[in-house]
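To keep things clear, I will list the structure first and then write my remarks on it.
Each chain carries a letter (A, B, C, D and E) given by its place in the written order, and its residues are counted from 1.
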Amino acid sequence: MINIHFPIFILTLLLAFATIIPLQKRPFDRRFQVIMMSVLVVSLVMAIGELIYVIDHGAYSYTFGSYERGIGIEFLVDEFSVLMTAVVIVIAFFILLYSIRDLEHEIDPSRIYSYYTLIFLLLFAMIGMIFTNDIFNMYVFVEILSITSVAIIAIKNKKDSLMASMKYLIMGTIGSITVLMGFALIYMVTGHLNMTLIAEEIVLVWEQYPLNILLAMGFILTGFGIKAAIFPLHNWLPDAHSSAPTPSSAFLSGLVVKAYVFAIAKMIYRVVGPDISTNIGLTDYILIFAVLSIIMGSVYALSQTDIKRRLAYSSVAQIGYIFLGLGLATDLGISAALFHVISHAFMKSALFLSAGSIIYLTGKRHVKDLSGIAYTMPVTMTVFCIGTLGMIGIPATSGFMSKWYLGLASLDAGQPELLIVILISSFLNALYYLPIVISAFLQEKPSRETIVVVSTQGTTVPRSMKISMALVGAGVIIIGLFPNIVMDIINMAVPTFIE
Amino acid sequence: MQILNVILVIFLIIAAIAVERTKDLLSAVIIFTSYSLVMALLWLILRAPDVAMTEAAIGAGITTNLFVIVISRTRRQEK
Amino acid sequence: MTKIFTFLMLGGLLFVLLTSITELPTFGESYAPAHNEISNHYIEQGPEDTNSPNLIGAIITDYRAFDTLGEATVLFTAIAAVVAILGVVHHKQDKGDNHE
Amino acid sequence: MPIEIDFFLNNINYIGAMVLFVIGLYTVLTHPNLIKKVIGINIMETSVFLFFVSIGFISGANAPIVEQGQAAETVVNPLPSAMILTGIVVAIGVTAFALSLIVKIHEAYGTIELDEIMQIRSAEKND
Amino acid sequence: MNDLIVKMTTKLVLPFIQLYGIYVIIHGHLSPGGAFPGGAIFATSIVLFTIVFGLRIGQKRLPHHVSSKLETSGIFVFIVFGLTGILMGYQFLTNQEAGFPMGEWGRVFSAGFIPIITFALGIKVMSAVVTLFHTMMEEE
């Protein structure tokens, strides 16, 4: 029964590796890269072993210190969290493979070790947040995650990224303090920190303290909403995600935001419970903000000319989809939301990585400069194209499947008007993504002089970057063609959210 | 005991407002230090001696240190 | 203008917060919901479980030791982040010290 | 809802925590100076800690340090104190990191006032 | 600072601060205190030393390569004791049931792994605070 310890082994492995990195004396060489990649491979193997175990035996709770639930800290290892861990590690593997060559020209060489220390701490915090079933433990992980995710932006040490990271840090810290205040209010009326026990207790006390619970959830949702960039609280995101080094952007947009969204899902469904959430009107508010996010994120994205900023604003819209699923408060809704968590992680990473390699080779960030670029960099633009098709929701990509599930869920919940929102947003997505792709592929090949290759690294994108991009892009297609791989596991996990 | 508690909380609020109003950053930091020390006192009253010690050592000591270093490296006056 | 708006917004927030206090369990009561079987377990079983008179110490290093691991990691992260940003290369400095 | 002085006195810690929370938030939102913002964040954090510790308090109880065989005496709830210990250390980590960012920003822009930085940035964009 | 009195006083006071810091750390499970306040108190002594004698001499007290090793080992001690619990067939960070000796009530060496972890963490906190301080003070 060693399998039940695998989440701990993954966490300790990542943490131990992160603490060893600063002791490195040798320069950043191939030996270190191989060790780093093998750490991720080992954790991936453990995550998959855990996934098989959980699918066979069902969700289980892991209590630290062998104390019973509530006394010590507890991890709830369910199917979805293990799946998400595996996805996090897979995407992290590709991004790190990409980063080995990309970082050389983005950050100072003396800081590369610091960068990887921070990345591994970020993975540690993210996986801890995914598993934990204890609200204060979650707060600790949230803080580690917010410090590391700010630091991997600021490490670029450019004027823009410093300012963006300061903004992110202030907003993020307000967010985590607000979350802690909400936790305090919840602890005050229930006396528990364990999510399962809170859920049992809150059913008994919510009629006695309805305002308190509404206030607590208001604090928590505002706090996590800042970090997950839901519409009125999103304004730190475009700066932060666009001025970061490319691997950091991919991490932040693809994975970190999802960890916060999953935390919100836990808070709404596992802590307060769907019945009380609907009763105090929480889900209605979530739906409103989700719709606002979807529409406004797309509208803002239309007006951007910088390719990375456009991608960043599109994240706001895509987070809106996930919230839409969560706000429906039905089985289908939550499974669609969780599916989109996975599918968007792949799509956004593919988009950011390919946009990053365009910048790597040509130094161009303006959308208009990209015409005809597919002739110079076919692999990159193919991956970019796959990502955009996924975002728009063309069949055979994972984006189509998540929109399909979301549409089904909103019909099932009796709110067909949400379908219109999804359609409008798909249209807007097409409006701001397709011109890039069309001009890149179809416009006539410009003369050699116009695409000036500024890179000092050579005239092509390094092979490791191409491979990692292509594999992430392949992930989008695979999930699109065989959505049941993901959906079956999610469906097993849904009962842990809605009893 | 309760009246001491009330006085300390009122002091905290006054100190917080003073921090907000002070233009001189160094004075603001020093007021914040006294705020932290009073907070430590309040935690002694609330029967949390460990927290009081930690706050006095970390909140008042180390935080002030870091603030003072940064102010000496940047600028002392708020615009 | 924005200042007045912020002022009004925060005033509203303060009002909501203060009104909510009337609903909260009163301060200092021993029958408040937070003093339940969990805290009783720490107080009554703590000495047996951990053999440590200081219950807070028992909680942070035994019952909730994983939190403390996270806390140590926060400090480690803070240093890693500060060193990454302020970026002083230490190897050279150590050599410089040896020369003196 | 009649507000009596008794109510005020009984719940002074909760009221104080809420007021401090709002003052801290006000400091963070309105001051353009970055160091002031960090101090504001610290005030917010301590206010939440005050709230948390107050939850665990029982009037007339002792500190949670027990003697063997005397476990039955009333002591305050130790759990919030233990959590706040963690919280304080987290706060110093965030503060240190924010301060190091401020040092870097001062190096890059020559000022730590947010509005001046915005002016510099918009001037740079127009160039 | 070139004041003789300040320097002498610092040298006199320094061992007492450090002794008190160590005391607070190792009595963490017996009396109020523990790793974090104790480590911070211990760190204050080195911070004081640095302020009085200057950064270069202060850094020699706790050079960077030593402090980074201390931090790493602080977390490693934690992980190793945690994994011992799994090795004995229990969960991560199991104390009493995993067979750590409980010792006599009220002694420094009692309560299983608590004093050891507290000590490791205290040293880690000390070196962390000092490193923060030194890094902030360093000019480019």
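Keep in mind that, in the parts below, a contact is a pair of C-beta atoms (placed from the backbone, for glycine too) under 8 Å apart; a residue touches a chain by one contact, two chains touch by 3 or more.
Nothing here was measured: the structure is a model prediction, and the numbers come from that model.
Student: Among all the other chains, which ones are in touch with both chain A and chain B?
Tutor: Chains in contact with chain A as well as chain B: C, D, E.
Student: Any chains in contact with both chain B and chain E?
Tutor: Looking at chain E and chain B together, the chains touching each of them are C, D.
Student: Would you mind telling me which chain pair, C-E or D-E, is linked by more contacting C-beta pairs?
Tutor: Here the pair linked by more C-beta pairs in contact is C-E.
Student: Counting in whole Å, what is the centre-to-centre distance of chain A and chain C, each centre being its mean C-alpha position?
Tutor: 26
Student: Round to the nearest whole Å and give the separation of the Cα centres of chain C and chain D.
Tutor: 10
Student: As a quick test, compute the distance in whole Å between the mean CA positions of chain A and chain E.
Tutor: 36
Student: Chain B to chain C: how many Å between their CA centres?
Tutor: 17
Student: So which bits of chain E are touching at least two other chains?
Tutor: Within chain E, residues 31-32, 34, 36, 71, 75, 79, 82, 92-93, 95, 105-106, 125, 132, 135-136, 140 contact more than one other chain.
Student: What positions in chain D touch 2 or more of the other chains?
Tutor: In chain D, residues 12-13, 15, 19, 21, 25-26, 54-57, 61, 63-65, 68, 75, 79-83, 85-86, 88-90, 92-94, 96-97, 99-104 touch at least two other chains, as defined above.
Student: Among all residues of chain A, which ones touch two or more of the remaining chains?
Tutor: Touching at least two other chains: 15, 19, 22, 64-65, 136, 140, 143, 147, 150-151, 154, 157, 187-188, 193.
Student: All pairs of touching chains?
Tutor: Touching chain pairs, listed by label, are A-C, A-D, A-E, B-C, B-D, B-E, C-D, C-E, D-E.
Student: Inside the complex, what are the residues of chain D that reach chain E?
Tutor: These residues of chain D touch chain E: 63, 65, 68, 85, 88-89, 96, 99-100, 103, 107.
Student: If you look only at chain E, which of its residues touch chain A in the complex?
Tutor: 68-69, 71-72, 75-76, 79, 82-83, 85-86, 90-95, 97-98
Student: With touch defined as at the start, can you tell me which chain B residues reach chain C in the complex?
Tutor: 48, 50-51
Student: Can you check the complex and tell me which residues of chain D touch chain A?
Tutor: Answer in residue numbers: 21, 25, 28, 34, 37, 41, 44-45, 48, 51-52, 55, 79-80, 83, 86-87, 90, 93-94, 97-98, 101-102, 104-105, 108-109, 117, 121.
Student: How about chain E: which of its residues touch chain C in the complex?
Tutor: Residue positions touching the partner: 28-32, 34-36, 56, 59-60, 63-65, 71, 74-75, 78-79, 82, 92-93, 95-96, 102-103, 105-106, 110-114, 117-118, 121, 124-125, 128, 131-132, 135-136, 138, 140.
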